[in-house]
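Here's a structure for you.
Should a chain be cited, it is by its letter among A, B, C and D, assigned in written order, with residues numbered from 1 in that chain.
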Amino acid sequence: MREINVGIVGTKFMGRAHSNAYIDVPHFFDVPFKPVLKAACGRDAESLKAFARNFGWQSTETAWEKLVARDDIDLIDICTSNVTHMPIAVAAAKKGKHVLCEKPIAMNADEARRMLDAAQESGITHMVAFNYRRAPAIALAKQLIEQGKIGTIRHFNAVYYQDWLVDPGFPYVWRHDVKEGGSGAHGDMSAHTVDLARYLVGEFEAVNGVQEIFVKERPSTDGKMLPVTADDATYFISRFQNGALGSFLSTRFATGRKNYLRIELFGSEGALVFNLERMNELEYYSRTDEGLAQGFRNVIVTENKHPYINAWWPPGHIIGWEHTFIHEVKDFLQGIAEKKPVTPDFFDGWRCQQVLDAVTESSVSQKWVSIAV
Amino acid sequence: MREINVGIVGTKFMGRAHSNAYIDVPHFFDVPFKPVLKAACGRDAESLKAFARNFGWQSTETAWEKLVARDDIDLIDICTSNVTHMPIAVAAAKKGKHVLCEKPIAMNADEARRMLDAAQESGITHMVAFNYRRAPAIALAKQLIEQGKIGTIRHFNAVYYQDWLVDPGFPYVWRHDVKEGGSGAHGDMSAHTVDLARYLVGEFEAVNGVQEIFVKERPSTDGKMLPVTADDATYFISRFQNGALGSFLSTRFATGRKNYLRIELFGSEGALVFNLERMNELEYYSRTDEGLAQGFRNVIVTENKHPYINAWWPPGHIIGWEHTFIHEVKDFLQGIAEKKPVTPDFFDGWRCQQVLDAVTESSVSQKWVSIAV
Amino acid sequence: MREINVGIVGTKFMGRAHSNAYIDVPHFFDVPFKPVLKAACGRDAESLKAFARNFGWQSTETAWEKLVARDDIDLIDICTSNVTHMPIAVAAAKKGKHVLCEKPIAMNADEARRMLDAAQESGITHMVAFNYRRAPAIALAKQLIEQGKIGTIRHFNAVYYQDWLVDPGFPYVWRHDVKEGGSGAHGDMSAHTVDLARYLVGEFEAVNGVQEIFVKERPSTDGKMLPVTADDATYFISRFQNGALGSFLSTRFATGRKNYLRIELFGSEGALVFNLERMNELEYYSRTDEGLAQGFRNVIVTENKHPYINAWWPPGHIIGWEHTFIHEVKDFLQGIAEKKPVTPDFFDGWRCQQVLDAVTESSVSQKWVSIAV
Amino acid sequence: MREINVGIVGTKFMGRAHSNAYIDVPHFFDVPFKPVLKAACGRDAESLKAFARNFGWQSTETAWEKLVARDDIDLIDICTSNVTHMPIAVAAAKKGKHVLCEKPIAMNADEARRMLDAAQESGITHMVAFNYRRAPAIALAKQLIEQGKIGTIRHFNAVYYQDWLVDPGFPYVWRHDVKEGGSGAHGDMSAHTVDLARYLVGEFEAVNGVQEIFVKERPSTDGKMLPVTADDATYFISRFQNGALGSFLSTRFATGRKNYLRIELFGSEGALVFNLERMNELEYYSRTDEGLAQGFRNVIVTENKHPYINAWWPPGHIIGWEHTFIHEVKDFLQGIAEKKPVTPDFFDGWRCQQVLDAVTESSVSQKWVSIAV
């Protein structure tokens, strides 16, 4: 099998999930390349070493510039904090390396646009890691929508609930710093729900939101109190170009909810409900079901014929959150091999970022903000 | 509207539920008679008085023999402890009064048979209060089965869970005395699940069970410890005449479950699941649903076209447990007016009792026991 | 027992639910008055007659003015379309009659204020039929909040989903006419969620919403197409005075949802979730639960110690939607007897209406609108 | 890191799941050995080759005797059909190789006993792949039980539902042949629930069951009808040595259920419910919760402090079915390194098999069968 040399930047949560994906993908899918874990890059030498050892990365770099400069790397995978996405991606694109970038794509839409331009100029294959598109249940939702099973979509209502900031004593981390992350719950969580909305409904027309910081300062590791500048929660409502209404709630103060991303779609012919904490299930309602027995079906999305599942296990044997990355890498490698665009790419990342920026703007201006076409 | 004079025996839990049913039924259903709450009978004068006042019973009796002897009573409703069902019902039947009798019909199948014989001889209309048949979701299940939606039934699995005896300090009551109740959890709870099995699947062929008393004695109200002689829990497996397998678990030691009657039916074409704690819902699976989107539908059984619902509220406005009695009384009155049998009648009560008796016998003999045909 | 003479205006859905409540309340609760169903009022003589017969109303009127003028009426119950609430209530108050009024209280906040003023001047007891406050699960939620179990509330997220307008062929009814109803989904459905928010969280500070009519005209019964002027759906976000964020989605286009009112409260110490289609359940999460075993508890709100339940059945025997009205009438009668205010009263109705009006205004102005203090 | 050379027999469903486990375990857990995928063994050369290539097995054998004879293999992993478990395991044990064997351990208890004897004589480390013990939710259940949270267990009720045989046209496979599998649903599915019962409750005292073949013959691939000799469904009830009652239903005719293993434990202090299709969740009820707010908690078992989870992802990011094998291999390697027994071992496999055999015997004799002590 042909090989493809991967260089990864970032060794934490996402770095681990992506590493696992590169390793596992050829065991289950018929991919055009076998990914070679060529080089890992991180700022902290100690944890970089442990990371490389755990996952078998063959070499390490402590500066991303060096990684990007290496000739033996074909693909750059960006798992760092948001502020570095743009410079790494642009540099990698200029060197002709394919780029898989974590979400949100950038600090703002301008950065995202620069990334898209660089990618298009160099002709690389690019992708943004909106991995939930590749949960089989979401991919199935997309199929049902494309088959017209839901009809004209009237409502897309999303919540993304976590609760890890409820405790005011939870320490200050980079995610509290708007300069490091661009935003807080909004960029981290709304990015996913906005991408799913674009995927399943279509483009946004206008948005109107509010952002809140409930706990204004948090203790740093050295005990000093630091001001929180990134939002704890963002709520917004929206109109879509197709006339649907949208609602998006993202918060890290949803006590008891761990990683609860729920979306509800209501259309003229049916409805769909998805909840990430039960990501192997999709609820589906059809108005065409016989009248006496209409109801939301709970589809266990683990059948051979369901998206991606044929590679895995028999019905009812569920897959995990990390599998979404394996699916993502599989499709990315295929795109590279076939020189065909994959989605969500930097265009999608940029469009998503426009929506996110518009919400932040509306929160400040207290007005509806239209999304540029 | 014509009137029908009701005499009730028993003023507790069931007496209250039945009283409410007689009062409410003409407000919502087009019934042939308006029930008149003519006389209530109870052993304790004090609580009888309060009961009569609360529900508007026009007169009282403290001996059921007197009630049954009264010429101004058309219908005797039996809500007493099981040991008295047979004598009251037989006496009432002999006097030509229609009888609605609480479940289980009697202490044993012999008693039940005497009741059935007496009822048939006198030509009265008779009914056993297996009220769950008239939960709209169960009535809908019956319809779907009759339409062939489930196909050949392979499995009928029932549990009936309560937890009010978990605490060993819970005091001794009549339900702990096998001489008063005939049995414990078995007669009280399995009676319902066995009736539902007969209603939805058909007749039993043979049963095999085990009964257990976990807490061997309990404190009476005067502090003395009394031996418990009625089962805390009964488990049994069964074969049905149509080849299906059955499982029945009844227990008052299911910690955390309050009145959790769950049945699961699996057939060659579909499946049904019902849970009494969510009695307005019915889960339905159809193998004929399109392959990509098969799953258990949660049918909210509150549509106009659902059984009994047209009389009530718009979709999604749920009804309560007590409404099953209103439906029961409605159908009973109709049966009386049309001189047509209603089900479940004393025949059903007797057949159910045969199954219950066979389980108890198998628990003693430790062998399978066939149900007489 | 003392009696209280009731006169009802409106014979449809709510008229039936209220009638049932007056009849059933003395059977289960120890009320200070026995309600006498003295007179029913409706515009259509035919259906009025059937209504009176079904529920036993002793007399009828076809003009509410006549009903209000009658000396033998102590209590006026208003179940008519919204446009008539104010004139009836004000007239009744002036005549010194107690008033129970369906929600939303009026066409707008000005009308509501007039009703409140009239009620306060005459010293009557007044109530708005926000019946969901008296679902035992909601009353329990209130208790838990008051005990501090949830801590500082950060989020109140409500949806109210119905789907009876999904079909474009569904005929034009008065609810489509903004002049008759004041608004559509908003007044009918948001009224409930706004009231629950005020009850459980506190007063609103500001709101920002959007309203939509998806199907612009509908066929009247004579086949003519009539323009729909009342909203099919209203979305809004809010800030509360205590700093919490709120989200409110009301729609009649939520395909598959029948009467699905779901609220989620997240606080610094715990969380609560309620869903009207499973109104006997309350989900509760506590951060004080032992770390290994934290999770949302599904509380079946049918225990003796739960609000209102002692009057009903043993644990696990659920009650229905209509019972909320029985609880409402019970508390209303008690308030009348004790000459103490009951809530929600016309003050609450007025405050709720202010929020509803502000949302409508924000939908037009496309700006946040503050709620007057 | 030290290495351990693995030889696997069987290349299908379980071969794939185990291969994945050996590969992934060192990426996430601090294991004493790095497993080397030394040799894979299968009868069909073609599919063996593909299997070895997909997962990186370094060499292949087509006879298990040759694999077991190789000196460069430290650990034999048995993923073949049941009839071959015993000879392979005994041979491997005699050669001093550690053995991980799929479940059920053997064709019957005698075989299992021979395996146990061989393992004990040679001093190897041995394990049976009852992988569900290592679902974090089950491991948590075990912890809660050991902490006394459930108290004295009264009931253990298990169902294991699949539906892949509902269609009578589903072709004949080795699993229909009692000579190849020992039994059908029973050995395949009850093996799991019996093991879980032994793990969570303790030893069985006696069992009483019934077995059924609903579809008596099935088409082979060449179109001939072959008689089905392995059970489609097995039901049994049991007594445990501690006085608890048990119920076990296994069927491949549970239309709509894919891999639905549900267990319910009720004890004197609390209760637990687990469902494999939602394997990241555990329902827990505690009688010590405050009275107003008791209910089944839905614990999302994805917290750092939950068993095995620290190695994976943040809260709410669920893991899949295959992860149970990774946990299994992790503990097995640790046992080998520390020369300490791991459970479930061949003793557990043997005891489980005794229960399974007793059920089969009871199904024939139609009597209760005691489990030898």
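The rule is short, and it goes like this: a residue touches a chain if its C-beta (ideal position, glycine included) is under 8 Å from a C-beta of that chain, and two chains touch if they have at least 3 such contacts.
Given the structure is predicted, the values throughout are model-derived calculations rather than measurements.
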Reference chain A; chain at largest CA-centroid distance: B
A-B against B-C, pair bridged by the larger set of C-beta contacts: B-C
Cα-centroid distance, chain A relative to chain B, in whole angstrom: 54
Between chain A and chain C, centroid-to-centroid distance (C-alpha), Å: 41
Whole-Å separation of chain centres (CA-atom averages), chain B against chain C: 35
Residue list for chain B, restricted to those that touch at least two other chains: 257, 294-296, 300, 303
Of all residues in chain A, those that touch chain C in their complex: 154-155, 157, 159, 161, 163, 166, 208-210, 212, 214, 233, 235-237, 239, 243, 245, 247, 249, 251, 253-257, 264, 266-271, 285, 287, 294-296, 366-368
Of all residues in chain C, those that touch chain B in their complex: 13, 17, 19-20, 23-24, 26-28, 54-56, 162, 164, 257-260, 276-280, 300, 302-303, 312-323
Interfacial residue positions of chain C with respect to chain D in the complex: 140, 143-144, 149, 282-284, 286, 289, 291-300, 303, 305-306
